[in-house]
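See the structures that follow.
Shared between the two complexes below is subunit A, which pairs with subunit B and subunit C, respectively.
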Partner chain A sequence: MTALLLRRLGAMVLTLAISSFVIFVAIYAAPGDPVTFLIGNPENITPERIAAVRAEYHLDQPLFVQYALWAQGVLHGDLGTSFYYQQPVSELLSSRLPVTLTLVAMASVLFVVLGVSLGVASALSRGGRVDSVITGGTTFVNSVPNFVVALGLVSVFAVELRWFPVAGEGTGFAGRLQHLALPAVALALGSLALISRVTRQTMVEQQTLDHVEAARSYGLGTWSIVTRHVLRNSLGPVVTMCGLTLAGMLAGTTVIESVFGLAGVGSLLVESINTHDFAVVQAILLYMVLAYMVVTILVDLIYPLLDARTLVRSDRA
Partner chain B sequence: MTIDTFGAQVASAPAVRRRRRSPWTFRLCVAILGVAVAAAVFAPLVAPYAPDSTDFSAIWAPPGPAHWLGTDQLGRDILSRLIHGARPSLLGAIALLAFATALGVLIGVVAAWRRGWVDTVLARLTDVMFAFPGLLFVVLIIAVFDRGPATAVIGMGLAFAPLIAKFTRAIALEELARPYVDAYRLQGVGGVQLVARYLLPNLMPTLVGYLVVLFGEGLMSLAALNFLGFGSQPPSSEWGLMVQEGRAGVIQGFLGPALIPGLTIAVVVVATNVVGVRLSDKLAVRT
Partner chain C sequence: MLLAIEDLHLSVPSPGGTRQILRGVTLDVSEGETVGLVGESGSGKSTTARAALRLVPERASLSGAVSVCGHDLVAGDPAVVRKVRSELAAMIFQEPRAVLNPVRRIGDSATERLVRVHDVPKAEARRRVAELFDEVGLADTGRLLRAYPHQLSGGMLQRVVIAAALSTGPRLLLADEATSALDVTTQAEVLALLRRLQRERETGVLFITHDLQLAAAYCDRVYVMRDGAVVEHQKASTIFVNPADPYTKALAEAVPRLPEREQNTMEASA
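And now, the complex of A and B:
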């Protein structure tokens, strides 16, 4: 177990180092001098500004030293300063994170509960009407771009019915829940198809296995067979898929946040690209890659807890 | 039909049965794609108005005989904008897919053919791309090279290339294990010629089905980028951009300008997926 953990962590650190290097070196890929790129707006180019940028990014040093100094700063929580907001990027990020994390948490609850129940329902009525309605419906919803789904929800539930606010993230716990309800639904709808399909597939596979037949021959009821045996054994792939979807969501709230005008990390990313605030762009990309990686590794580590056989197999390999 | 395809059909039984029962869904989807392509090709001929002709006496007009789908915040005819928008929308997705396919197939085939360290290096390279979830890689490229349709298409192409490379490598490995490859090698056919003349044509059917499904995905992602304002810029009437511009109307209760192009994207994507799944079923008989 520890060997597996160490190997996974090593791979994660390596990937993180490479991807952070890619994010850092991107300033050199930009057309023109990195100084003018980092300053962005040509009107802002003053000798003081150039000196400040040179000092902050250590542009007079060799490339790898620059990267090492930048990475050292990042590891100490120094993500640089936003030129646009004139405040440390770390403060900016931490003020925006709660909205995004709440949104992702709400969406996750929704897609796990709805996706798994839809998958169970269609697996139980395999080949029937309910099954084809669920499969067809979720596949259709999956093909609609999420910003269109979001706008559809806004126009029906916020503009026509006035059940929910149109934009903003609300104050207080209840206000925030109400404000984030529509965005969370819009975010969750896109992943329903995937989750329900994986649930359905693994459950259908399980149902044909001998142990289910054995349980049935003992005279166990359908409900207890489904919950105790079929669902329990299909948990592995379902949890993995839910985890991967959640990881993707941490980095994929940008579109939904800008539809609903939420002041989260995703909308900050769009703003900072529009204002050429590259320090912020770098920090957000780094956060998203890190969040994605941490969640996928957590999922990997949870898997053996659900199915101890995988641990034995991977140790032998 | 071989045993393998039979197994694949059992796995997706309800979907297959539904398609069998109603071939009209397939025909309808082909028809929808045909209309979209026709709109893209003949846009100036069939559109009733110019896409950028404003009419301030008919702002936010509801659908009617003069404007079949109504008008937007500048009084521009939505139907005409939709028809003219087909060209940038479809061409963008085609360009990004062509770029991604060229790159991905090259990487995949070289990795499968050379194996060894080339394979390892290419696999690591694609792994780094996979470390950037979703559209993040594209966002990085746009942040560095500034907004614009070309940047969006190239960035998306780079993001899609690893997917295609992985898929191509898998099917190429399977294909390279077949006896005919050894037979050509025995005849003294060189590596490049063998891959280009004999291997690639045999990979094509499987690849095309996959690419059609990816086309839907590409269209959707590109529309999302345009919606964020990272791709096409006004006055283009690309569909994602139209949704973005119509957004302001939604709050005031004018739903058409945002939802009509949005639904158009959705319908085209659904049609592409149905056609793609059907094509890959038909083309992959050999495997």
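And now, the complex of A and C:
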């Protein structure tokens, strides 16, 4: 188990190093000279000013030196300074992260609880009416883009019924929950469909296995068969899928945040790209990679607890 | 009579109408008796045994009579089905690795029927199963109860499955190719074990196998099935001597024999 953890952490460091370099190079290669944006007013652009700015931001150094300087800063907790806000990037991020994390947490509760429940209901009534309704409904929801869902939710529940606010992230715990309810639903719907289908599929496969038939042969009750055999044995794939979806969500709130006018990390990313605020863009992309990796590592660590066979397999690998 | 099956017909709906799986099977098993049920795959021998526990496909239609210790299973009264499955009869399936839940520990799986079906306290159930493990020749039971199926050999798992099946004290054992997945040595051990336990408990055994020789050697009586019907029923001691049905005769003659070691074949191959 410890060896597994160490190996995963090693792989994570390597991935981080590579992805941070890719992020850095991508922004380096992005069109437009950062110097022009840094100076701003075209009247101020003089050769001396350009040289001064280049020196200040190390833009006169070769690419690898620039990357090394940046990486060194990141490792020491210094993510740089936002050109646009004239504020340390870490401060900016920590003021935006709570909104995004709360949003993802609420959406995750929704898609895990509802997705798994719908999947179980669907699998248990396979071929029946409930199954058709759930499968049809989730297929439909899955095929509608989430910004369309978001606009629909806003027009019905915020504009018409006035149950929820149209935009903003609210203050205080209750205010936050109320403001984030619609965005969380919009964010969760697509994943909910995915999770319910994975749950259904895995359970249907499990239902036909011999140990389920054997349990039936000695008179185990239907409820125990479902919870102790079918659902229990489906947890591996379901948890993995939930983890991957959650990981993707941590890096995929941009559209929903923009639609609902939430000051989260996703909308900050869009703003920073538009204002050529490279330090912020780099930091956010790095956060997204890191968040994705942390969640997938957690899933990897949980999996052997759900199915002891995987530990044997990964030890051999 | 522990198990009495009379004129059992079973069919399932299929795309081209209905498919007849059993066509009038009649057989019986008494206390302390070992009855062989032989046939190739698809002959309906497994379906027959499963019908004794009413483990039939949901949409199957069933006619005839199946009774275990006098309890009728064809009507499908849930209380009767539950009683037969939990108390009277137990099935030992073919693949021990497949019938034990791979994500649960052996102890959890082996005590499941005692704990979850018979409401025996966990510690008591573990004690009883550990005793049975001892009886079926499994050593180091404490470690075994904590192991996962993938950590044990097929022979050990089959013993675990047999011990679990015996834990509720069934009067009828349905052994569906119970030793086919095992190597020959382990098979002999498991069979000897089954025989001993069966003598001690006066259990009736329906022993299902595709191996006519094994059935003839191990059972008291043998039924031969083909295409969902019983084509032969004889004492095990006479089935090889004078098979009545042409199919049994063919089966008996199909036993491969090693060629005699002869001088001229050696020369021919040289």
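What we mean here is this: the second predicted complex is superposed on the first by the 283 of 317 C-alpha atoms of A that agree within 3 Å, B and C clash if a C-alpha of one lies under 4 Å from a C-alpha of the other, contacts with A are read in each partner's own complex, and residues count from 1 in each chain.
Definition applied: a residue touches a chain if its C-beta (ideal position, glycine included) is under 8 Å from a C-beta of that chain, and two chains touch if they have at least 3 such contacts.
Keep in mind that this is a model prediction, so the values were computed, not measured.
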Max touched-residue count on subunit A (subunit B vs subunit C) belongs to chain B
Quiz item: In the superposed arrangement, which partner chain does A:Ser258 touch: subunit B (first), subunit C (second), both, or neither?
Solution: first
Considering only touches as defined above, state whether A:His211 meets subunit B (first), subunit C (second), both or neither. second
Check the residue A:Ala71 against both partner chains and state whether it touches subunit B (first), subunit C (second), both, or neither. neither
Message: Applying the document's definition of touch, where does A:Asp307 land relative to subunit B and subunit C: first, second, both, or neither?
response: second
Query = For A:Val299, is the partner it touches subunit B (first), subunit C (second), both, or none of the two (neither)?
reply = neither
(Q) Applying the document's definition of touch, where does A:Phe278 land relative to subunit B and subunit C: first, second, both, or neither? (A) first
Contacts from subunit B onto subunit A in the complex sit at residues 11, 13-15, 17-18, 127-128, 131-136, 139-140, 142-145, 147, 216, 220, 223-224, 227-230, 240, 243, 247, 250-251, 253, 255, 258-259, 262-263, 265-266, 269-270, 273
So, in the complex, the side of subunit C touching subunit A is made of residues 50, 53, 55, 81-82, 85-86, 90-91, 93, 95, 98-104, 109, 112-113, 116-117, 148, 150, 165, 168
Listed in rising order, subunit A residues that touch subunit B in their complex are 15-16, 18-19, 22-23, 26-27, 29-31, 37, 126-127, 131-132, 135-136, 139-140, 143-148, 151-152, 154-155, 159-160, 166-167, 201, 247-248, 250-252, 254-255, 258-259, 269-270, 273-274, 278, 281, 285, 288-289, 292-293
Counting only contacts in the complex, subunit A reaches subunit C at residues 209-211, 213-221, 224, 228-229, 232-233, 236, 306-309, 312
